[in-house]
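Heads up, the next two complexes both have chain A, just with different partners, chain B and then chain C.
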Partner chain A sequence: MNNPAFDLLMWARGPGFDIALAIFIGGIVLRLTEIIILGRKKDMAPAKGNGFLQGLKTIFSRSVPRKGLIKFAPVTYLGGYIFHLGFFIAFFFFAPHIALIQDAFGISWPAAGRVIIESVTALAVLAVVALTYSRLTDPVRKSLTTFDDYLVLLLSVLPLITGYVAVNKLFGDPTMMLAVHLLSVEALMIAFPFTKLMHAVSFVFARYYNGSIQGRKGAES
Partner chain B sequence: MSATLERGLNALREQIDAPVASFFTSCVSCGLCAEACLFYRETEDPQYTPIKKLDLMRRMWSREFTLLGRIGGWLGLTKPITDADLTAWEPLVYDSCTMCGRCTLVCPVGNDLTMMIRKMREGMSASGHGPVELIGAAQRHIDGNSAMGDLSKAIHAQVKNAVADTGIEIEFDKPGVDYMVILSAQEIAEFPDVLGAMARIFKKAGVTWTISSEAFEATNVGIQIGSRDIARTLVQRLVDAAEKLGVKGVISPECGHAYQALRWEGPNLIGRAYNFEVIHIIELLDQLRAQGKLKTKGMNTQKLTFHDPCQINRRGGINKEPRRLMNMVAENFVETEDAGTMNWCCGGGGGVGANERAAPLRNIAFKRKKAQIDKVNPDAIVTMCAYCHHTLDNVLEEFNMDLEVMGLTELVAEYLDDDA
Partner chain C sequence: MANKPMLPELMKTHGVSRRAFMKYCASLTSLMALSPALVPRVAHALETAMRPSVIWLSFQECTGCTESITRSHAPTLEDLIFNSVSLDYHHTLQAASGHAAEAAREQAMKDNYGKYLLIVDGSIPLDNPGYSCIAGISNLDMLKETAAGAAAIVAIGTCAAYGGIPHANPNPTGAVSVSDIIKDKPIINVPGCPPIPVVMTGVLAHFLTFGIPELDELGRPKAFYGESIHDRCYRRPFYDKGKFAETFDDEGARAGWCLYKLGCKGPTTHSACATVKWNNGVSFPIEAGHPCLGCTEPDFWDNGGFYKPLSVPSGDYRKMGVAAVVGGAAVGVASALLAKAGKAKAVQNHETVDAHDLEKSS
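Entry: the complex of A and B
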């Protein structure tokens, strides 16, 4: 039996995934090492507040926008939230994903219903479209945007689209579409450490540093 | 490569540490920092987006501190920083940033952009870039006793006036007292009433103090221009004077960057903790209030609002103290929108106020502050930084706004209960 779609799926599930995972993890370790190795000097000014605790707090609290700012960049704020939440829900609460995680790590949690998964996926895709549009048209975003930013948007939206197509058997051979879905995830993993996707890990450090610097002074962050 | 360029790049390189690397790694170019910045908000010019002001530093980090960037460099895909680059960035780094700190509180990934501007200025100034006025002020302060020139005679004259006004003795160079008081050049030159105000408040509270004739000036142009060497020299003078007098503490005056310099950067500049505490005058007044040593009588009935100096509140952590004092003496105290941590900068901080080339841009950026004030429509503005005071006085006049500006210490002293 010679089924190229099946072969591709098997490759993507096996060696393909292993290669992507190795680059993903190895790359993240490399990038984090590049950061941490630089160190920072001990602060000799007597502290007024607790920098450590405020650093930890800021990792979470910075997820909430400052009062009154959303109206100045609604597409960036709302698009950003919808994309991140949609991607997160589709990734962690889709039943087949949970099954994979259970296979690999032996842990599982309740899945979200199909309607929810499909709605958040569609919303996340729309959010990426809106974010791309604002990068093309808004003067500030336009002036900041580089190839990296478009690549990141593309790599983030492909797994959503291919997953949606594969699950709903919208077109093409379902086995093939599943293989393509997996490959798109692997492309995301490989690019992750070397593009701005890396923010999804390094933001923890950035927010911690910000909060701890401000917190030592007893200032808000 | 010229020697100055090399010195500048080395200075910049030295500034890149783990926080900086984590910030550049995390930036998603969302542009939200622009919305926080008074210069972008009032001009809507994308070049004033905070992260763009740091682009040279980002380029250096990427080329030299990341594997991919290094490979790109070997392949000739990226270019090293040139003197022309530094010249092009000078107006962005010095004229369009007051180091107000708002962007730092807005960036969703948590980048401390203001701290990076501070760091980038190290590279700029070491390579010979920086506003001439700041370079001149630094020279004057290093050669003499103040950024404004020789203020030795002026301080003695002002002290004499304060003694005549209040009848309270103020002694220079008195060892063993509680506090050494230092003043900003602006206070000595423009707002000397603060001396009499402190004399009266401290007398009532039983606080002993002195002024050092060797080191009485608090401003530190080193942290504005971005020169650790200059900043260290100026901090060291104050530390030497305070330790020689054996005081318990040094009172940092109503001056934003002076507080930042002495309280937060100073120990790191001189490489050790001090043998005395540094306390901001408003922190001290609030402490005295809490201890029942500062009592007032009567209240100001005007509609007063408060302007938070960036380096004292947002970047200095003194937020509630002035409000407690305001409530003691102001019957009709109205806060502006965004007051407190997210207050808008007066536009004069970070050396921008002294920089003539920046004046037109500064006046445009001030419109943000103006809008904030206009909404409240107060009779007067109270603040706790003499340089904010000076800037507000000047721009309000420029905009034909007839508004009084006052220092919080003087306001409190006005209502001091002399009988209590």
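Entry: the complex of A and C
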């Protein structure tokens, strides 16, 4: 006698994870190698500033919102920050996730408590709902939104929802919900290198390029 | 069988008072998740139970389940409940051997056809009948023959319920569970490696008093397997606070913190261990400092390692990761070089066009 939920969990923990990991890592390395090797056209003009330092600075400075954004686009401003911070905290400070990182890389750090993890998860989910709503209602954003954007929103929010449901046993068989949670993460991993999700890695390069180009010209960025 | 003493007489000979018996009935009733109003009914039913004939078949097993049920906190009422059935056949416990033993089984089947309770522990090998035989009869044949006349079947232990350890990868004997073979009889699964004694006697008591208990989708009585270890674990507050033992002898382990990171399968395991406990309620594995192995769940032996946390992949994923880095880099380099070559070729093939040329062509 088998338990289908357990079998699915074991598939998600075993072959499913291996496949997703191969596509995730392979895809990221592939795209980064391309970006780095293609490089940029050499700037022959004499440098008026330090492109390298300005590039490094820009990697971090672009995380700070520009002035007036809160008035201009409050949903994007608040929703964006809440989602990113919530996702980051839920991913890096929930004990079972730390156990995975510890197993893979041998490093670990203290876990956050249930109240923090569940609060930030709920806030992150609400943020995604608000961001999606603004994309659907704002005519300009709506016309700019592609299928890819909706897919990315869905793939980012599913692990948060399924994780919350699995931990709190809101509905469904808990073993099944744990399997569904892992599968939702694996779907995110597979889509990651080939969608806008890649920004989680490529933002470093994009910001550096932008910053260093401006820095070389002696301009702020 | 008819001349065997009923439960009240057994109680007298064992020096068990009426008060102790009623207390036991009350705890059994609450354990079975029944209304307290049913305590007198449970007591009455146990006292006047018809002492059904029980045939206990042991197949591919380690006798741990029998050890567990017979070594429950003796001498107790649980023993007496167990004694209140007429155990007509049990390899380990019966005095008879050889042909006499088989004759006892056949006689019990004949006398109580359609009414006896069949208890099975151990899995059944399907690859080769010779892997496990009793008196020259294969396990499969004996199970089919004995199940045909049974009122109900209780699959005791994870081997009988789900195939258990013999069923574990690579399953050399082709071991299967009772429910994989018998489809036309009610089957109560009482998994565990071994099951808790009071759960086994509780299920028997329920069968004697109210018939077949309510079962979950894996055939387990909901009263005993309705909740997960994790939800009832006394270490759960540490999980919620994010406090975990990292090794078996660190400060966290000594302080009794959560064992999730040491591989505890409590979150996906359904059993009464955390509430009923073992050895007369003394302790259970997590209380003794060891993570739950998940022994009441199918395929618990193949869950990726007892000491691997549930959130850690079960396979050798690091090799896959390294291969992906190498493969991704190789394809990336090839793709980038191809793009560069295309770019260089495009520059080479580029024909300069000025305004005069454009005028000419239009």
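What we mean here is this: the second predicted complex is superposed on the first by the 217 of 221 C-alpha atoms of A that agree within 3 Å, B and C clash if a C-alpha of one lies under 4 Å from a C-alpha of the other, contacts with A are read in each partner's own complex, and residues count from 1 in each chain.
Here is the rule we use: a residue touches a chain if its C-beta (ideal position, glycine included) is under 8 Å from a C-beta of that chain, and two chains touch if they have at least 3 such contacts.
The structure presented is a predicted model; accordingly, all values stated were derived computationally and were not measured.
For A:209 in the superposed arrangement: first (chain B), second (chain C), both or neither?
first
Between chain B (first) and chain C (second), which, if any, makes contact with A:49: first, second, both or neither?
The answer is first: A:49 touches chain B but not chain C.
Under the stated touch criterion, which partner chain does A:172 make contact with: chain B (first), chain C (second), both, or neither?
After superposition on chain A, A:172 lies in contact with neither partner.
Give one of first, second, both or neither to describe whether A:194 is in contact with chain B, with chain C, with both, or with none.
first
When the two structures are overlaid on chain A, which partner does A:41 contact: first (chain B), second (chain C), both, or neither?
first
Give one of first, second, both or neither to describe whether A:68 is in contact with chain B, with chain C, with both, or with none.
The answer is first: A:68 touches chain B but not chain C.
After superposition on the shared chain, which partner residues are touched by A:18: those of chain B (first), chain C (second), both, or neither?
Only chain C; A:18 stays clear of chain B.
With the two structures laid over each other on chain A, which partner does A:31 touch: chain B (first), chain C (second), both, or neither?
After superposition on chain A, A:31 lies in contact with both partners, chain B and chain C.
What residues on chain A does chain C touch that chain B touches too?
Residues 30-31, 34, 36-38, which sit in both footprints.
Chain C touches which residues of chain A in the complex?
For chain A paired with chain C, touching residues are 1-3, 6-7, 9-10, 13-15, 17-18, 21-34, 36-38, 93, 95-97, 99-100, 102-104, 108, 110-114, 117, 169, 174-175, 178.
Hey, which residues of chain A end up touching chain B in the complex?
So the residues of chain A touching chain B come out as 30-31, 34-41, 43-46, 48-49, 58-59, 62-63, 65-69, 72-73, 76-77, 80, 138-146, 149, 194, 196, 198-199, 202-203, 205-211, 213-214, 217-221.
State the interface residues of chain B toward chain A in the complex, per the touch definition above.
16-23, 25-32, 34-36, 40, 44, 46-47, 49, 51-52, 65-68, 104-112, 115, 263-268, 271-273, 277, 313-319, 337-338, 341-342
Would you tell me which residues of chain C are touching chain A in their complex?
161-163, 177, 179-180, 189, 218-219, 228, 231, 239-244, 246, 258, 260-261, 267-268, 297-299, 302-304, 308-315, 317-318, 320-321, 323-325, 327-329, 331-333, 335-337, 339-340
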